[in-house]
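The structure's right below; bear with me while I get my questions together.
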Amino acid sequence: MPWWLPLKGSTFAGPIDGLFLAILIITGIAFVLVEVGLVWFVFAYRQRPGRKAFYTHGNTRAEVIWTAIPAVTMVALGLVSNHYWVEIKGRNSVPPNAYPIGVHAKQFEWQITYPGLDGKLGTADDFTIRNQLHVPAGRPIVVHLSSEDAIHSFYVPQFRIRQDVVPGMDIKAWFQATVPGTYELACSQLCGLGHYRMRAQVFVQSPEDYEAWLKRAAQEATQ
Amino acid sequence: MTHATATVDEMRPPFPAERGLDVYNLKLGMWVFLASEVMFFSALIGSYVILRFGAAGEWARPGVVLNIPITAFNTFLLICSSVSMVKAYAAIADGDQRGLRLWLGLTILGGATFVGVQVFEYLHLVERGFTPAGIRDGSELAALVANGTLPAATAGLYGSTFFTMTGFHGFHVTCGVVSMLYLYFTKVLPGKYSRQDYRGIETVGLYWHFVDLVWIILFTIVYLV
Amino acid sequence: MTTVAATSQAAHGQHDDRSFLRKYIFSTDHKIIGIQFLFVSLFFLLVGGILAMQMRWQLGFPGKPMPGGGILPDTMAPGGVILPEYYIQLVTMHGTFMIFFAIMPLLVGVYANFLIPLKIGAHDMAFPRINMASFWLAFAAGLVMLASLFVPDGASRAGWTQYVPLSARHDLSGASYGQELWSISIILLGLSSILGSLNYITTVINNRAPGMTWFRLPLSIWSLFITAILGLLALPVLSGAAIMLLFDQVLGTHFFDPGAGGQPLLWQHLFWFFGHPEVYILILPAMGMVSDLIANGSRKPIFGYHSMVFAIVAIGFLGWIVWGHHMFVSGMNPTLGSSFMVSTLIIAVPSAVKTFNWMGTMWRGNLQFHVPMLNAVAFVAMFVIGGLSGIYMAATPVDMFIHDTYFIVAHLHYVLFGGSLFALFGAIPYWYPKMFGRMMSERWGKVHFWLTFVFYNLVFFPMHILGMGGAMRRIYDPTQYDFLKPYQPLNVFISICAFLLFATQFIFFVNFWWSLRRGKVADQNPWHDNGLEWTLPNPAPHGNWTRVPTVYRGPYEYSSPEVAEDYLPQTRKLPTDREPASAPVAGH
Amino acid sequence: METAHKRPNYILIWVYLALLTAAELGLAFQLPISRNWKLALLLFLAVWKALLVALFFMHLKFERWNLRIMALIPIPLALIFMAAAMSEHIW
């Protein structure tokens, strides 16, 4: 049974997993400090007959230390995280050359609209497929998210990407898949009784395969 | 707090306060309650501001839908009832029972009339087709939407926010009137208040002025802006 | 000794001749109201637990008929097989009951009511009748919420966070009255909490005994005071939001209806602007009471009392400016996300102060592991885990991955169960004698503690791994997803441990009821505590004090060199103590 | 800190409030100025009126500072909330 993060399927996985590990180390230290300390005290200072506790009201130096260290760590962590956050979701983080795909969520399915051969959404040759997301590997993709009814959430664990799909808002999210293969697109925002089965398949293909598939799919769609 | 040092201070109640802040429980409690009321109205008004701010297309001109003159009158009425309330307070602080009865009576009257007028206003609006759900088709206002005097896009939001905010204010006024009536018959008429103890009056006054204050804000941002 | 004097007076001093109804049902006595809250919210805790067990069955054994599930109507679980729509109701009601009707009333309703007047030396709350109203409103709210489980189409189906438009539109949720009843119940609850809070605040500010200065208040009272402020200012926002939601549901208004220009995100802002202060409402009282328990169990003054107070205040304030950390991936303005991340991370600092000061309190103490102390130490150990997992989600890029996964579920149970509930398992036996005059069984208390501690960790720690694997929350049947299939054995394990955890709770249940009648009669100050409440007989008489006590020192003077025994009650006058400056006495 | 306060002239406050309301009405419906200017001025007047009521009718002017604080606490919170929620639309 797996016990660590899923396969690194996109360019986001590197930094996010790195950050996760960094936090694991920071919090790990704090965790060990506290738990070991507690266990130690529990044994070292448990009640003994005729012993009186050491009477003290505190120690300013100690308190300053254990206030300052977390403060510094947290600010540092905040700065680092923000750096990646801006790259991933910042206002103009979407690369200009990103390949557009329309994703329309409705109870309880994903309608994926492909830009057709001209690579542009909103043109005549767009075509739509249910619950199948094909993306070329090694190229930034921008998904235009829209919702029919409730709030859904676009989530591909291997890509480490998640973005809520809110009715009445058009939200863009981008990612760049790296490892060809098939994955699952999960809806991760409670959207009704079918929420649990609102899933689509994700096919990451080499650019060539993708082009080939696109041609075929486009023809089938036009017939 | 010892009162010895205090030179005559007309704004300071003669009766003893509890320990702590030297403000008696009832008054402190009312202020604390008002703090939460501020948050409640902030939630409603804030939502209105946010919705209007984010709304696509422009907002309906108040003058077109609402009946400004009658509401202006209502506003004036509430201001008057606010001053009569504070006069009632001043009267009993001087131990003037007649004054208290008179002014508090006027306050109740003003409040009740305000509610009455608001009910009338609501009926009038609904009749013209303005409802919490938006604008009723086939109504007088629907025609205005058709000929473009009223923006259609935001009509729904307008109704929702308008009736919720003014409605809850009206509800607060009603509560104020009821509690003042209660005091009037159980305490004021029997003459239970005196210059030694008029906590009930000062406290209900605080509530009443707050409701007036909320209306001042509402009137501006709902009826004028 | 003043202690004895005071009590004997109190004992004879007040004979109250109130009818049974006035005394126990429509009582205005803060102690009775606290006890009423205790029974009611323990019942709801049980309900929440039962709902959780059904969830765990479905998650562990999807699609298999639930033992005893046959009794459920076919609209919920035909033949005992839980339906998706019923599962969502379970999740929603579990969260709602646990947060709003179990933990919140247990911490605030019970202990703010019971402890504040007793610990500050007041006769009762500032507004006893309002206090009673607050209880009955909460009770009504609970009944409404409970009733919603039995209406056609069952209870609310939108999660305890009630995200719109799902919660606002029946055609989306498939619920009928359930949604409205949720809103109504929450509006009532909000009113109840506001009335309660204004009572606590006024009482603490105005009705402290002479000599009970701000910095002589026990930390439990400090935290309950700050909690009351949070409740006072946060719940009206929730009520306002719930009212708008209700209007959207029944009047056809458009606040949250994107079709007519309404904003779904507005609901999330309103909800979480309440929601995060709410979670501190759920932890601060626990922290405060744990501070009392640890100082008592360590027979040592609290380490850094003042910084503990400032930490409480800081957490209370910061709690207002972090709500957006629940909305990082909601489509909210990302720049806003950055600022919310920073403010969220900062909260680790006051929490650090508290954690390390608790440890400082135990350091070189003379630890006595009575049941309350055991649970208090467990609280520290578990809250830290929950708090630290909060750091992962506070980091926006990581949260993008783990948001709405079981990592969150693990976090919230570590802070809510490992935190709040363990604190309660400590507080309940600690003040039990003050409430009922008898002790809860020490032995069974220990058994319950150890079993709970073990099973609890076995249930919730593995959820971190599920979350790291990307397992989503609020999923009826995880095996739908190929990438989740390998985790199913883990789900089975969690479920089995959860059943054992639940079973363990019956030790507590029985201990609680059994001790009411048969428990060992408590002597006056069973824990050798310094607090004012222990100068009264058990249970404390109506009106508490005949003569308001005078306070000469802070509450944590354990093992003080000034006296032979290892505790020094706040009311005990030593030759060196001066009388506090007298103040005008309460006039009511 | 115990200072002697004279009771304010309530009728005068009432006159102010009435006049300000009249001014608001005129401003809103007669004055030919840009929408934003109107907005700013109207809000200014509304706050002014609110202050009059709070300070004189509710006696905040004569209260001790810690009670004033109590009355003011919610306001920054409300403003923080609105600012954050509105920033949704200015990006």
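Which chain is which? They are A, B, C and D, in the order written, and residues in each are numbered from 1.
The rule is simple: a contact is a pair of C-beta atoms (placed from the backbone, for glycine too) under 8 Å apart; a residue touches a chain by one contact, two chains touch by 3 or more.
All values reported here derive from a predicted model rather than from experimental measurement.
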Result of counting contacting C-beta pairs for B-C and A-C, higher pair: A-C
Euclidean distance of C-alpha centroids - subunit A vs subunit C, Å: 31
Mean-CA-position distance for subunit C and subunit B (Å): 35
Separation of subunit A from subunit B, taking each centre as the mean of its C-alpha atoms, in whole Å: 48
Computed distance of Cα centres, subunit D from subunit A, in Å: 46
Multi-partner residues of subunit D (at least 2 other chains): 73-74, 77, 81, 85, 88, 91
Two or more partner chains touched - positions in subunit B: 21-23, 28, 32, 35-36, 39, 42, 50, 54
For subunit A, residues contacting two or more additional chains: 91
Every chain pair in contact, whichever chains are involved: A-C, B-C, B-D, C-D
Contacting residues of subunit D [partner subunit C, same complex]: 73-74, 77, 80-81, 84-85, 87-88, 91
Residue ranges of subunit D in contact with subunit B within the complex: 2-7, 10-11, 13-14, 17-18, 21, 24-25, 27-29, 38-39, 42-43, 45-46, 49-50, 53-54, 56-59, 62-64, 66-67, 70-71, 73-75, 77-78, 81-82, 85-86, 88-89
Subunit C residues touching subunit A - in the complex, by the definition given at the top: 83-85, 88, 157-159, 163-166, 169, 172-174, 258-259, 262-265, 298-301, 303-305, 307, 329-331, 334-335, 337-338, 341-342, 345-346, 348-349, 352-353, 355-357, 359-360, 362-369, 377, 380-381, 384-385, 388-389, 391-392, 395-398, 400-401, 403-405, 465, 468-470, 472-478, 480-483, 486-487, 489-490, 558-561, 566
Parts of subunit C lying in touch with subunit B, wherever the complex brings them together: 126-127, 130, 194, 197-199, 201-202, 205-210, 232-237, 239-241, 243-244, 247-248, 251-255, 257, 260-263, 266, 269-270, 583-588
Of subunit B, residues touching subunit C in the complex: 1, 15-25, 28-29, 32-33, 35-37, 39-44, 47, 50-51, 54-57, 132-134, 153-154, 156-157, 159-161, 163-164, 168
